[in-house]
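Everything on this sheet refers to the single structure shown next.
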Amino acid sequence: MPGKLAAFHEFRSRMNEKLLSKGNLQLKRFFNLDSQVYTDGALPGRTKELMGLVASAVLRCDDCITYHMIQCAEAGVSDEEFFETFNVILIVGGSITIPHIRRAVETLEELRAGQSERSEAVPTVTKRKGKQPKQGKGR
Amino acid sequence: MPGKLAAFHEFRSRMNEKLLSKGNLQLKRFFNLDSQVYTDGALPGRTKELMGLVASAVLRCDDCITYHMIQCAEAGVSDEEFFETFNVILIVGGSITIPHIRRAVETLEELRAGQSERSEAVPTVTKRKGKQPKQGKGR
Amino acid sequence: MPGKLAAFHEFRSRMNEKLLSKGNLQLKRFFNLDSQVYTDGALPGRTKELMGLVASAVLRCDDCITYHMIQCAEAGVSDEEFFETFNVILIVGGSITIPHIRRAVETLEELRAGQSERSEAVPTVTKRKGKQPKQGKGR
Amino acid sequence: MPGKLAAFHEFRSRMNEKLLSKGNLQLKRFFNLDSQVYTDGALPGRTKELMGLVASAVLRCDDCITYHMIQCAEAGVSDEEFFETFNVILIVGGSITIPHIRRAVETLEELRAGQSERSEAVPTVTKRKGKQPKQGKGR
Amino acid sequence: MPGKLAAFHEFRSRMNEKLLSKGNLQLKRFFNLDSQVYTDGALPGRTKELMGLVASAVLRCDDCITYHMIQCAEAGVSDEEFFETFNVILIVGGSITIPHIRRAVETLEELRAGQSERSEAVPTVTKRKGKQPKQGKGR
Amino acid sequence: MPGKLAAFHEFRSRMNEKLLSKGNLQLKRFFNLDSQVYTDGALPGRTKELMGLVASAVLRCDDCITYHMIQCAEAGVSDEEFFETFNVILIVGGSITIPHIRRAVETLEELRAGQSERSEAVPTVTKRKGKQPKQGKGR
């Protein structure tokens, strides 16, 4: 997996562990709730991850954008769907979101490179196992 | 149709008209682009309207929330789907979004009241004609 | 109790009730967590309410400002303390917060009027009973 | 002068007076500094008022927008200039600013109505005296 | 040209190219519109670039700040004008903008170093040719 | 003192010096006012620094968060108090603040490492002298 995403995963996991070991009960509850929100319900989890991406982008948080793009890619969101999502972000949030969209396009490239690497490395039947480890709690 | 929504429609239509008659070419282009973004594509228009609702709510603009809720209700979004959307808004945007969600719940009631009124007033077959007039350009 | 605050209480209670009766489990959990955060702990609840006021003001949500000012006034925050809090809000958040501070000063007047009314109406010993009903969940 | 602007002036003046009479030294210093920033310097005050309008609009504060539009109109900003300013606001800030721009267009109408009223009422030579009273400190 | 600006240009050009080659029609339209807004009109392009800088700074996007500072420097904005613009940013946006202003001052130094380098390297008459290549679409 | 904090101090000092030497009178006044706000008054300076931390975090500025955490640690804020402050930030500001809280936890570790280093290096009585040099003006 390429560099930027690997660094994101490493820092996120290391600090979440610290947060949850040092954090109080309320912090843990927030993290639990955060992971429950994106599960399948009346709306599919996939749609909610796309919503999470839109929210992250108009609020302009690169790490949150990266996190939800990973989840979306896992859920099979296509390039065309990502770019139409970028349209919604751009039109609602304005040109101030452009630098974040540029970085999101870079992230998309890394994600696709990682996905094609894995799909080449594993036989088709067991491909699901090649799936990235579940992100765990706490975006 | 109850009061808050009617007032929203009236002011929005009247001012959009002024905006577009007095506004320059670039303003018109922005409004055109704004209405193109939410049409069906790789993602259904319905999903994009839900994204528009999420973006409006985390950026905390009541009029934009009302606008996208009208579009979502027209597209058949159910109460359960609205409430799961509120969950995403709440968890990403925090408690600062609660007053907006309270007002969104009030808007939802008005929308449902308007919808049931219309469905009672018109025979089932022609129900589609009972549909609210298309919102036009410019959210 | 003067008009603006009464209207705030009425709408807030009525809509929170609807939110919590129609809302799903996750929405309820968020509201529960929201009320737990401001209880006494390593930091006194009073300090956390002041923090809530600062956060609400720099994020510029009038209803959230009103809510935390009610809680702060209940917790005995003085006028001088409110105004020093406004200083922090102004310097961090800039002049864009001024209209919110103007409205906060109006809210403060209503709160003090309500407090002096109650303190006159009830004998000193039972004054605590004169206390405003607990706000309940969900700011 | 039409209603919305008159109400804005009345509330703003009344609360600023309270703010500055009850407020501490630091609050007064902030208000003083706020009024110094928009005076002529390397950049004309007029340009800075337009900047204030842009900042207020992308941060989406209606009262601040109204305040800077009054100052801009006083400084002779034309309708064409206002609408090009709205273009910058729209493109940087996105469609989330549209409801604020709608209200700004309404404010512009009231401002123009007030200006033509005054220019009719007073002889041309003394027209400057017809000028709206200086806004004073504290936006 | 010093390092930070060069890196900004390189990444921006590379990713904009990808964005526009992979992006859909609506994304391209937004980028086109974005570049049209800052041309001369009722207001000079220079004033609009300064507005773009103010909007970028109060919304706190470093890349957007850098982009508009490059355009402003190209348009002949002086140090005194930049610093008065920073005053407007600071007073409207508050101390939360200070870290962005610190980085903007660093950018200004790099811009001036680049400008004096070019003005030394080329004969006065052809100085305009020494001008930085036009930024192209998409901030 | 570990790397991230040292780099923060170095850049901040160097650029503030430039800002204040090149900046105009109004910029200096803003910086002066900024440092006055956090002194002891009706509210202790410590509480105001905590408020500054909350404001910085919900507005999501890493440098401002770092600055106020340094001041808070100097004022003796405990880990438990920091984590309860993070709770307020999380609940008001939502999950969009999580990446900032992760970085804040990293900053806290560096601060504690620096504090224990200094407390080991200096005899208890003179410990106060081991105190970090006063931050000076301009966050």
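As written, the chains take the letters A, B, C, D, E and F, and residue 1 is the first residue of each chain.
Everything below uses one rule, namely that a residue touches a chain if its C-beta (ideal position, glycine included) is under 8 Å from a C-beta of that chain, and two chains touch if they have at least 3 such contacts.
None of the values given here were measured: they were computed from a predicted structure.
K.L.:
What are the chains that chain A and chain E both touch?
P.N.:
B, C, D, F
K.L.:
Name the chain whose C-alpha centroid is most distant from the C-alpha centroid of chain C.
P.N.:
E
K.L.:
Under the over-half criterion for shared residue numbers, do copies chain D and chain F use the same patch or different patches to meet?
P.N.:
Same: most residue numbers at the chain D-chain F interface appear in both copies.
K.L.:
Between copies chain D and chain E, what's the superposition rotation on C-alpha atoms, in steps of 5 degrees?
P.N.:
Here the rotation carrying chain D onto chain E measures out at 180 degrees.
K.L.:
Indicate the whole-number Å distance between the mean C-alpha point of chain B and the mean C-alpha point of chain E.
P.N.:
36
K.L.:
Averaged over CA atoms, how far is the centre of chain A from the centre of chain B? Could you give it in whole Å?
P.N.:
The computed centroid separation for chain A versus chain B comes out at 27 Å.
K.L.:
In whole angstrom, what separates the CA-based centres of chain B and chain D?
P.N.:
One centre to the other, that is 30 Å.
K.L.:
Residues touching two or more other chains, restricted to chain C: which are they?
P.N.:
Correct list: 24, 26, 30, 33-34, 37, 41, 55-56, 58-59, 64, 80, 83-84, 87, 90-93, 95-96.
K.L.:
Considering only which chains touch which, how would you classify the arrangement: line, ring, star, complete or other?
P.N.:
If you draw each chain as a dot and join those that touch, every dot ends up joined to every other.
K.L.:
Where on chain A does chain B make contact in their complex?
P.N.:
Residue positions touching the partner: 33-34, 37-38, 41-43, 47-48, 50-52, 54-56, 58-59, 64, 78, 80-81, 83-85, 87-89, 91-93.
K.L.:
For a test of understanding, state which residues of chain F touch chain B in their complex under the given definition.
P.N.:
Residues of chain F touching chain B: 58, 90-97.
K.L.:
Could you please specify the touching residues of chain B with respect to chain D in the complex?
P.N.:
It is residues 11-12, 15-16, 18-19, 22-24, 26-27, 30, 34, 55-56, 59, 61, 63-64, 138-139 of chain B that touch chain D.
K.L.:
State the interface residues of chain E toward chain F in the complex, per the touch definition above.
P.N.:
Those residues of chain E that touch chain F are 60, 79-80, 83-84, 86-87, 90-91, 95-96, 98-99, 101-103, 105-106, 109.
K.L.:
Considering the complex alone, what residue numbers of chain F touch chain D?
P.N.:
24, 26, 29-30, 33, 36-37, 41
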